Amino acid sequence: MKRRIPLAIVFIFGVLGAIPFLIPHRIIQNADNEFRSSILRIIVAFSLVLGVGSIIRHHFQKIRRKKENWQYSYITLIALVISAIIGLFGGIDARGMLPTQFTVPFTEYVFRFDIQTLYTNIMVPLAATMFSLLAFFMTSAAYRAFRARNVEATILLLSAFVVMLAAVPLVSSFFPKLSAFSEWILTVPNTAAKRGLLFGIALGSMATSLKIILGIERGWLGGTS
Amino acid sequence: MITSILIVFTQLEIFRKISWKKNRFMKTTFLLIFLTGLSFAISPPTDVRAWDSPNDAGGSINIAWRISPDDPMLDGYEISRLAEGAADYEPIGFIGKTRNSYTDEETRDGVKYQYRVAAVKDTIMVYSEPSNYVQSSSQWFNTDRINVLVFATLFIFLILWFTSRAKKGMSLFIRKIAGLDAVEEAVGRATEMGRPILYIPGLSTMADVATIAGLNILGEVAKKTAQYDTKIIVPNRDPIVYTVAREVVKESYTQVGRPDAFNPDSVFFVTDSQFAFAAAVDGIMTREKPATNFFMGYFWAESLIIAETGASTGAIQIAGSDAVMQLPFFITACDYTLIGEELYAASAYLSREPLLLGALKGQDYGKAVIIGVLLAATLLALIANLPVLRLF
Amino acid sequence: MSGEPWIWVGAIFTLFIFSFLYKENPFYRFAEHLFVGVANGYMITFYWHRILVPALINPVSHGERLWLIAVAFVGALYFTRFIPRISWLVRIPIALVMGYSSGAYIPRGIDAYIIEQTRATVITRSTFVNWQQGLWALIILFGVIATVSYFFFSRERKGIIKPLSYIGIVFIMLGFGASFGYSVMARISLFIGRIQFLLRDWLGLIH
Amino acid sequence: MKFFEALMKIDRRILYLVLAAVVIIPFIFPFMIHPKAMPPVENLYNYIDSIPQDKALVISVDYTPDTEPELHPMTIALLRHAFTRRIKVGVLCIGVLGLGLAENALNQVAGEFNQRATSKADSIIYGRDYVFWGWQTPVLTVILGMGERISRVFTVDYYNNQTETLPMMKQIKNYNNVGILVSVSASASPGWYITYGQTSFGVKVGIASTAVQAADWYPYLNSGQATGMLSGMKGGAEYEELVQTNLGITDRRRATEAMASQTSAHFAIIVFILIGNIGYFVLRRRKK
């Protein structure tokens, strides 16, 4: 029973998902639209519970079991609660019940802490800087790891050189031939290779979707028990 | 057409001679004649026809006509509609010149409509003959998408056919994957040098096909390390993948008859943060100095850090991933790389698991179909010049 | 030098993350954990204000579409994930969403990835509008067939498949080289963006 | 041979300092580079330029702060182009973490135009010239829903106004009123718009992608499913160049500004790869 019901649901809704593309009739289209805009949207909204819930549980367990760096879990939980309160009650454009700004006494500076300010001044710098580290890792990997160790890697590095040089605006304005060659590599061999890979990936993901609907692939069942 | 231009030209000449101030009445009457004269010059669009828009949910009718011979002079065309039982035509749309079709999307299904198109120049409108009667309706099957239905049924058949054969235990041939010889040789090297092997089953979750493939290959590698009594280190980023990985390694050790040699601490959970995990793995690589590193599964940008440190410690590195974005780094930083589907094929080849074998064979034949269609369509198009593209 | 305190907060966090380059340290860990907290708080805000309120709470509170309550009940089954005894119930909403998404993907995936891409690779006489266009189209057709044959596992690599798959790997390497060359620019520009923030918005050295 | 040994053993942190220096120096001695637009960038520019008055440009802001430096200048350039040409603009986000960036971009560009505006006619007014629909989920509901009726997917916009009541929405009902939908993305969202939006409703899709993914979108350019593409910061700089030369917009161009550092950083990376490989081959030959 614990397996048969989910597998039946996944099959029924799998068929319901595919039909509207082939049947344009108004009845089917209206039903599909209604399903998507109300039922699917609400259920997916609740799925946030899974995401946020598992993060909260993960950090709680880390604190309870005093795993390594458990003190930092407090920061995540406190930050989550505070930003959720500011967002939920302060409102998206700071028009909610909770006041999200105050003027510093003796000055006319207004200190705002609404959700958009938190986003722009905490999330953007942290996330952007986290990813900008990659420039450094790229630099040291270029020096220590990127070797023409076999024929394939050699072809890859040669093609990369041409595209890398042409990606530099200074070079492409002095050597239009080079940027034309780089554009050729991108529009002809690269298109052929990526299209060939695309066929493989598309067939693979379709086979996986098919196996899920037909109940052959049951990994997603086991993973949640 | 030429006669109308001559008429217009002579009228202009006369008009110019009468100076405006002297005789206002004469001028205005002449202007009127002049303008109506123009209307004779415009001929209306012809052959107006209308039909229910195909493959739709109803409520729309297509109208087409042959543009008026005086088209370059026109401002455009106005389309008007006469509903069944309505008093008169009501204008429903205006469209620029040179255009010869329009779609009326506000029709009610089951009501008969008739259309006519007017050539418009400033205030002059010349109507065409009315079109045929037409009703809009919605269709139960979209005939444009038959090709999708054909390929879908074919593909479903292929997958089901091969999966059922695999389940019945019939042997499905898969060629040996070149990368797997490299695995054999790499484990042997680590044993000779008496140094550990590092195996990372990707950073993704159990729902990811690449993680499942990574764990299958981990099972095989663990069997070899059990036989040669080589130390194996398996750091994980996902708690669930960690528990499954430990079971896989334990199972491999017992299968080879060496359950006592299995050290539970060899498989461990590090952290779920992407870069902290990479930093921790770097620490292990520099401390333990493994002779061979395996990266089998799905990776993100942190693959750069891991592969780079591994290369600098001089270890042999074998990677396998379907993360297309990270493959270029693996290819240049590792000794051997399983590209995309080779990872799935390797895990199917090693595990002989019917589910993986069936799907892989089905996809292989899907590829054969695509290549076949490509070649056939191109040959037909080039040699017999058939309008092949309408098939797609 | 910027007087806005929030710009200082952003700059300090930027330096915290850059400290990871020296070695993994408490500042980096603090910044990373803070980010996970604020990001989830931000998501909760929008899921509530822009989805649950307009799609569920407003209609139901006005007494319309009361069947939405049943839908909300199915959605609430996600909570059972954390209640051991009945945690299998979470499979029902997952099955619904996963089933519908898989079903919606298959026909459209076939249309967009298989049929459209095949149509674009087929060569007709009109492709030879000029010799260059025709030649490139021929190379693309040949390259696609070679790449696909590299990933063909049902036959030993003998006969025609052997040379074909070798040429296939050459195409694949050219393709990966192109991606690799471009990705260097991508990673660098992320770092340049942060330098622009530090030098202009924070220190005001450049304008 | 000592030299080669030392050459191969440069510490990682020295390389980091070299990269930092190589990026910062061009900011102290800035030299402006005007990149020539490549065909995919020009195609997108020309297509957007030709959008008729009764159609809108839709920008899907599908990136997160992670790739803000690379993609944000593109959103800004697209908005400047549309507002100068008085093309109606609709902005939405597939991912919730893109909302803040979309709002910052709209406030910035609308502010630039309204500062210069003299009358109500040539200023940028919310609801008339542009609408910020905000975010909805899941992807299927958004992309397929916009084919039927946009105001049914986004019943309320980002600022909680009823979408139906906004003047622009009387004219922009669904994809039939969309000239082109440009997905500014660091993920696979352009592919979703092609797979779901284009197959079912035939909407034109333009791509503005990070350089990491740009090469993977070329098959869609070749097949005509994508109508032009901006790739990476260089693509952004090229579009800024077109916007400035054709429309005379002279506001700050973040992407072009970075081209100098981009140039020097690329040379540094190429030199490192060369050194690495030379050292590798010398040592390998000596080992044989």
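Letters A, B, C and D mark the chains in the order given here, with residues in each chain numbered from 1 onward.
Heads up, the rule we're going with is that a contact is a pair of C-beta atoms (placed from the backbone, for glycine too) under 8 Å apart; a residue touches a chain by one contact, two chains touch by 3 or more.
Values in this document were obtained by computation on a predicted structure and should not be read as measured data.
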Pair joined by the larger number of C-beta contacts - B-D, B-C: B-C
Centroid spacing, where centroids are CA-atom means, of subunit B and subunit D in whole angstrom: 20
CA centroid of subunit B to CA centroid of subunit C, Å: 14
Between subunit D and subunit C, distance of the C-alpha-averaged centres to the nearest whole Å: 15
Whole-Å separation of chain centres (CA-atom averages), subunit A against subunit C: 5
Residues within subunit B bordering two or more other chains: 145, 148-149, 152, 155, 275, 324-325, 328-329, 331-332, 340-341, 367, 370
Residue list for subunit C, restricted to those that touch at least two other chains: 20-21, 29, 32, 39, 42-43, 46-47, 49-51, 55, 97, 100-101, 104-111, 113-114, 116-117, 119, 121, 140-141, 144-145, 148, 151, 172-173, 175-180, 182-185, 187-188, 190-191, 193-194
Multi-chain contact residues (two or more partners), subunit D: 16, 19, 23, 66-69, 97, 99-100, 136-138, 140, 144, 160, 199-200, 211-212, 215-216, 219, 222, 232, 234, 262, 265-266, 269
Chain contact topology (line, ring, star, complete or other): complete
In the complex, subunit A residues that touch subunit C: 2, 5-7, 9-22, 35, 37-55, 57, 69, 72-73, 75-88, 91-92, 111, 115, 117-138, 142, 152-153, 155-164, 166-167, 182, 185-200, 202-203, 205-206, 209-210, 212-213, 220-221, 224-225
Contact footprint of subunit D on subunit C as seen in their complex: 21-22, 39, 42-43, 46-47, 49-51, 54-55, 97, 100-101, 104-105, 108-109, 111-113, 116-117, 119-120, 140, 175, 178-179, 182-196, 199, 205-206
Contacting residues of subunit C [partner subunit A, same complex]: 5-7, 9-11, 13-14, 17-18, 20-21, 29-52, 55-56, 65, 68, 71-72, 74-76, 78-79, 81-82, 87-88, 90-111, 113-114, 117, 121, 136, 139-148, 150-151, 168-185, 187-188, 190-191, 193-194, 197
Interfacial residue positions of subunit A with respect to subunit B in the complex: 18, 21-26, 29, 58, 69, 130-131, 133-134, 137-138, 140-141, 144-150, 152-153, 156-157, 160, 197, 199-201, 203-204, 206-208, 210-211, 214, 216-217, 219-220, 223
Partner subunit A, residues of subunit D touching it in the complex: 10, 12, 15-16, 18-19, 23, 33-36, 38-39, 64-69, 97, 99-101, 103-104, 136-138, 140-141, 144-145, 148, 152-153, 158-160, 199-200, 211, 215-216, 218-219, 221-222, 232, 234, 237, 259, 262-263, 265-270, 272-273, 275-277, 280
